[in-house]
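You will see subunit A twice below: alongside subunit B first, and alongside subunit C after that.
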Partner chain A sequence: MKTFFSELFKKANSGFWPIFITLGLLIAGTISVYQNPRSLSAFLTLMLCPLLVYFMKINMKVKVFIGLLLIVVILPVLGIRNIFYLEVIFQMAVFAALALGLNIVIGMAGLLDLGYVAFYAVGAYTWAIFGSKQLSLLHSIPGAAPAGAEFALSPNYFWLFLFLGVGLAALAGILLGLPVLRLRGDYLAIVTLGFGEVIRVLALNLDKPINLTNGPQGITPIQRPPLPPEFILAPIRSLLTPIVGHVPTDAEFYNVFFYFLALIVIMIAILVATRLEDSRIGRAWTAIREDETAAIAMGIPLVKMKLAAFAAGASFAGGMGVLYAANRTFVSPETFSFLQSIGVLTMVILGGLGSIPGVIFGASAVVILNIQVLQNFSLYLSELRQSDAVIPIINFAWKDLSNQLDPAKYQKLVFGIILVVMMIFRPSGLIPAERRKRELVEDKE
Partner chain B sequence: MKQFTSNPFYKFIIFPIGQILVFALGASLVLSLFTVLLAYIFRSAMTEFDLVERVLLILPQVVINGLTIGFVYSTIALGYTMVYGVLEFINFSHSEIFMVGGIVGVELMAYFDHTGALQTMNQYVIIALAILLGMVISGSLAVTVERVAYKPLRGAPRLVPLISAIGMSFFLQDAVRLILSLTTGEFNVILPNFGTFDEFLILAVPGIATPLRFQIKSILLVGVTVLMLVGLNYLVNGTKIGKAIRAVAQDRPSASLMGINVNMIISITFLIGGALGGAAGVLFALKATKLDPFVGFFPGLKAFTAAVLGGIGNLTGALLGGLILGLLESFSASYLSTFTNGAFGAEYKDIFAFAVLILVLILRPSGLLGQTVGQKA
Partner chain C sequence: MSLLQTTNVVKRFGGLVAVNKMTFSVDEGHIVSIIGPNGAGKTTFFNSLTGIYRPEEGEIMFKDHSLIGLRPDQVSARGISRTFQNIRLFGSMSVIENILVGMHIRLKQNALDALFRSKKFHAEEKEAEQKASDLMEYVGLKNVGNELARNLPYGGQRRIEIARALAAKPTLLLLDEPTAGMNPNETEDAIKLFRRIRDEKGITILLIEHDMRVVMGISEHITVMDYGEKIAEGSPQEIRKDQRVIEAYLGREAASSKD
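Moving on to the complex of A and B:
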């Protein structure tokens, strides 16, 4: 059975077949999503395309072309047609960037960071405080905003703060790293976990003595950077109107805009990560990951290299945090819980520690699982609950099912199962890193 | 002297109780003195009221609260430290073992409430039954978790079992929530009201203006934990199983060569640690009166901090660390707002635990009572 499939895959992956299959799936997926914007299976079909593009043996240029076509043209257009997809792909992009950042810390340097979301929070709150009316509310009671509060900065400052967020998060990474990076791996995990909680508690409670974070209510509204000027938008709008079936609104343009921004961050993240991987620093990280003592003996400056990994990972989260705050126009401490840190960790573990395509795949898979599969399952259950259906043998009426049972709220269960199962059966992830693959092959010989 | 220490009565009963007393009194005294000293220093900064007087007014109550919660932390910390001693890995899901114990205990009492036995039976018998059930369920759960999620990973790189343990912790939280909401439709469990545990024992001490008030459940809590600590001390230092545990902790391959069944001993360690965690959970439930499946996170984290503070792998250290951490939490919760004039309040008490953890790890990574051994890679 297994050989049959591998033979089949080999046959499909030679000659002209890969292009046919990939393009066929791309077209079929696009049409089916276009026809049924609400269908989950149609969306999943379309999301299989990037995987095929990655695995099939196709000319590199064609690969890049198909990938760009999908990411830059098809997804945004379909997204404007059904705004929910835009949300899904935006979240995928955000978490892929976060996972890429965490991958540098865990996958490359082997430092387990359980409070990664803290750096994300640093970025988000940086823009949230300066990009909202919060600065003029510092001495008012949270919730009782006086009239006439002004935005402190013009929205154009967003671009500056994108870089400031990156810098501040990196700085936070270094400040946290300095005292704790001398510790052994498992202690480091707990300390970073504590740091994540400290940041969350601070965000929750710094509404007094001065109202910096507005406490549990969070900060809103936060300004967004201005859209490109109308003479660029107008032709796009008239071009898209017949395709998507309605005149695209500014809100939809904003979503596409942020999606592209997130894509740019991911591109930078991928570029940095790939360039780092085979650089002096990247090799130093690998050495540290594999054997610290040997790495020291080889003359690698341990603390400096670890700090670099921490700062590099944190900076991606910081940039993404600024982007997130602007996109949502709202931040609250709940977004930066321990659950989110473990969520990003799950993405990295699922895809493959140290593997860039793996991590992006892991982020996409977990996001789809979270906000599509589980949601659909929840809807299905609530439909069952309203129907008169009964489970036959044990004679259990669906009506009696507890309202508390909402699969969309059982993320922890899903993350937990993924983590344990991956660790036991496939610790190198679904798409293992090249280096690990090579190591595994060497082991077999 | 030799005769004195080899007498089992002294060695396993008097000595450990004395040790606990010394630790509890010493830690309380040091922290109290430090706080009063701080109050003296900042006395002139506060004009509306006398800081020292205000600090002294609630001091006895703060110490009592701190010791009560400190004993709970100690009991949980023992589970962390024992597993760390034997396997050298942080059993992240121990906080969930603790939570399961608490919920099982409360559910048993709720069941007694339902059948009406709660009002007729002796209240101490009910508590004892709840603790026993919590210990059995938590202990067996800990062993099961070890078999499923950790045993296949023995010998893997350090981070692998740790990630598996984090996954197990998340899984257990939501699994308990799932079971609770499927069976009762509600995932909060609330302790039924019974017996005289909420009443206070009032002790007027000459020389102190306000009489000391001991809540009966606090006394019960301290009593039971001390009993368990003494029992554990006997088990680890006085029996053959304890000797085997210590041997495995010291050198696993050699222990296995000496004919010790290492897997068995590891399971027993998890069983003991889990049972202690379960009992702590029931006692914690008595104090908290309301539990949900996520209640274990913070106590678990603090107990781990306590274990590190005392020197991880060291049982006495875990006891001392737990007491110190409980006191510290109680002091920061009560006095932070007094000292900062209301600017910062009790909500920052959780941060204190982490601050302590980071400070300990920087200044003395081997903990207060840990031996200064070289770091194993």
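Moving on to the complex of A and C:
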């Protein structure tokens, strides 16, 4: 049976088959999502395409073309028909960037960081404080904001703060790194866990003595960067109107806009991660992970390299944090709980520690599972609950099913199951890390 | 003149004096051995030289500069490379990457070069790769550059460790029991390799070794340690006849009954 499948796969992955299959799936997926914007299976079919594009043996130029077609044309258009998809992809991008950053710290340098989400919070709160009315509310009691408060900065400052968020998060990474340099393994994990909690509790309590974070209520509204000017939007709007069936609103354009922003950030993140990995710095990180003593004996400056890993990892989260704050127009300490750190860790472990394509896949899979598959399952169950259907044989009426059994509440259970199952059966992840094969002169002999 | 000179180096672990007043020197271009029974403090002495431990007392001079207080990476940058008693390769990195890690201090690229893939970066990486390939061939490894280091047989791993140490372009190479666990043929090859490293590359070698054939075969100078102290030094012929050395190895009674 196994050989049958591997033979089948080999056949499907040679000659013209890959292009046929990929294009076929792309077209089928596009049409079915277009027809049934709410169908989960249609969306999953479409989401298989990027995987195929990545794994199939296709000419590089064709790959890039299909990828661009999917990303630049198909997804935004379909996204305007069902705005939820852009939200899903936005979240996938956010978590993929977080997973890529955490992957540098844990996967490459081997430093177990359980408080990673703190850096995300640093980025988010950076823009939240300066991009909202919070600066003029510093001396007022949370929740009792005077009516005439002004935004402190113009929304255009968002772009500057995108970079500031990256820098501040990197700085926070170094601050965390300094005291934990001598720690390894479990000790390091505990300290980083504490650090994550400290940042969250700071966000929760810095509404006194001056109201910096607005405490548990969070900060809102946070400004969004302005949309591109009308002379660019107008032609796109008239082009899209017949395709999506209505005149796209500004809200929908904002979704597309953030979708592209998130894509740009994730592209940069991927570029930075791959290039760092395949350089002197990346090799030093891996060496530290493999054997710290041997690494320092080989002349690797441990302090500098560990701090660099913390800073680089944190900077990804910082950038995405700024973007997240602008997208949601709201941040609160809730978002940056310990469980969120574990969630990102789950994505990294599911995809494969140290594997860049792996962690992106891991992040996408967990996001789809959490906000799509479980949600859909919940909807289905609640429909059953409202119907008069009965499970045959055991004679159990669906409407007697307890509300506690709502799959949407199982997020944490899913994290747990993924961690346990992966550690036992596939500790190196679904797409394990591979070392780059070099073309060596001596190998050609 | 001596390349490495230690004076009264003391290293204690709590009450235990692991290295006691070691005064010792290595001349440039020599192959020098440290021998001694298990637990004599040889490896601790090595670790004190390379900055992994900081000795409590004494002075270590290398090329007329003190090494005391330097971190291991700084010691490595000064030109001392080492291998380990238990092989310590970066197991899930490829063989060639292991050697490239050894070049870390000799590479000039920074993060920006790596991010923007500057010309300098490409040129340096290519050159480094070439040098690493050459080193692999030098230590007698072929067509294994892309293998994971942990997948190589024992003898091969020992060779990678030496190639990795050579990659840092040392003037002094410290080998900690380099032939431990080798069969006679492999040992023979290893001895030849050490000679070549000294003769062709002009690298001074200091080794800890248990195998007397190796020690007597290639060392120009031998220092014997026991209970953390130097008990004898001299040429292989002198060491062979030294009463204290025979006692240290065989025990006092066995040594006297031999007479």
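Assume the second predicted complex is superposed on the first by the 430 of 445 C-alpha atoms of A that agree within 3 Å, B and C clash if a C-alpha of one lies under 4 Å from a C-alpha of the other, contacts with A are read in each partner's own complex, and residues count from 1 in each chain.
Note that in this section contacts are C-beta pairs under 8 Å (C-beta built on N, C-alpha and C of every residue); 3 or more make two chains touch, one makes a residue touch a chain.
Because the structure is predicted, anything quoted here is derived from the model rather than measured.
Q: Check the residue A:Ile349 against both partner chains and state whether it touches subunit B (first), subunit C (second), both, or neither.
A: It touches subunit B, and subunit C stays clear.
Q: I'd like to know which partner A:Thr293 touches here: subunit B for first, subunit C for second, both or neither.
A: In the superposition, A:Thr293 contacts both subunit B and subunit C.
Q: Give one of first, second, both or neither to describe whether A:Arg275 is in contact with subunit B, with subunit C, with both, or with none.
A: A:Arg275 contacts subunit C only, not subunit B.
Q: Please work out whether A:Leu160 is in contact with subunit B alone, subunit C alone, both, or neither, and reply first, second, both or neither.
A: In the superposition, A:Leu160 touches no partner, neither subunit B nor subunit C.
Q: Which partner reaches more residues of subunit A, subunit B or subunit C?
A: Greater contact footprint in residues on subunit A: B.
Q: Where does A:Val73 make contact in the superposed view: on subunit B (first), on subunit C (second), on both, or on neither?
A: Neither partner.
Q: After the superposition on A, what does A:Asp186 contact: first (subunit B), second (subunit C), both or neither?
A: first
Q: Who does A:Leu413 touch here: subunit B (first), subunit C (second), both, or neither?
A: A:Leu413: touches subunit B, not subunit C.
Q: Looking at A:Val247 after the superposition, I want to know if it touches subunit B, subunit C, both of them or none. Which is it: first, second, both, neither?
A: Neither partner.
Q: Pick out the shared contact residues on subunit A: the ones touching subunit B in one complex and subunit C in the other.
A: Residues 291, 293, which sit in both footprints.
Q: Which residues of subunit C touch subunit A in their complex?
A: Per the stated touch rule, the residues are 50, 52, 71-73, 76-77, 81-82, 84, 88-94, 96-97, 100-102, 104-105, 107, 109, 111, 113-115, 117, 121, 125, 129-130, 133, 136-137, 142-143, 145-146, 148, 164-165, 168.
Q: In their shared complex, at which residues does subunit B touch subunit A?
A: Listed in rising order, the residues of subunit B that touch subunit A are 89-90, 148-149, 152-153, 156, 158-164, 166-175, 177-178, 181-182, 185-187, 297, 301, 304, 308, 343-344, 347-348, 350-351, 353-354, 357-358, 361-362, 365, 375-377.
Q: Within their complex, state which residues of subunit A touch subunit C.
A: Subunit A residues touching subunit C: 271-272, 275-276, 278-284, 286-287, 290-291, 293-302, 308, 435-438, 440-443, 445.
Q: Mind listing the subunit A positions that touch subunit B in their complex?
A: 106, 110, 112, 114, 179-180, 183-187, 189-191, 193-195, 197-198, 201-202, 204-205, 208-209, 291-293, 338, 342, 345, 349, 401-405, 410-413, 415-420, 423-424, 427
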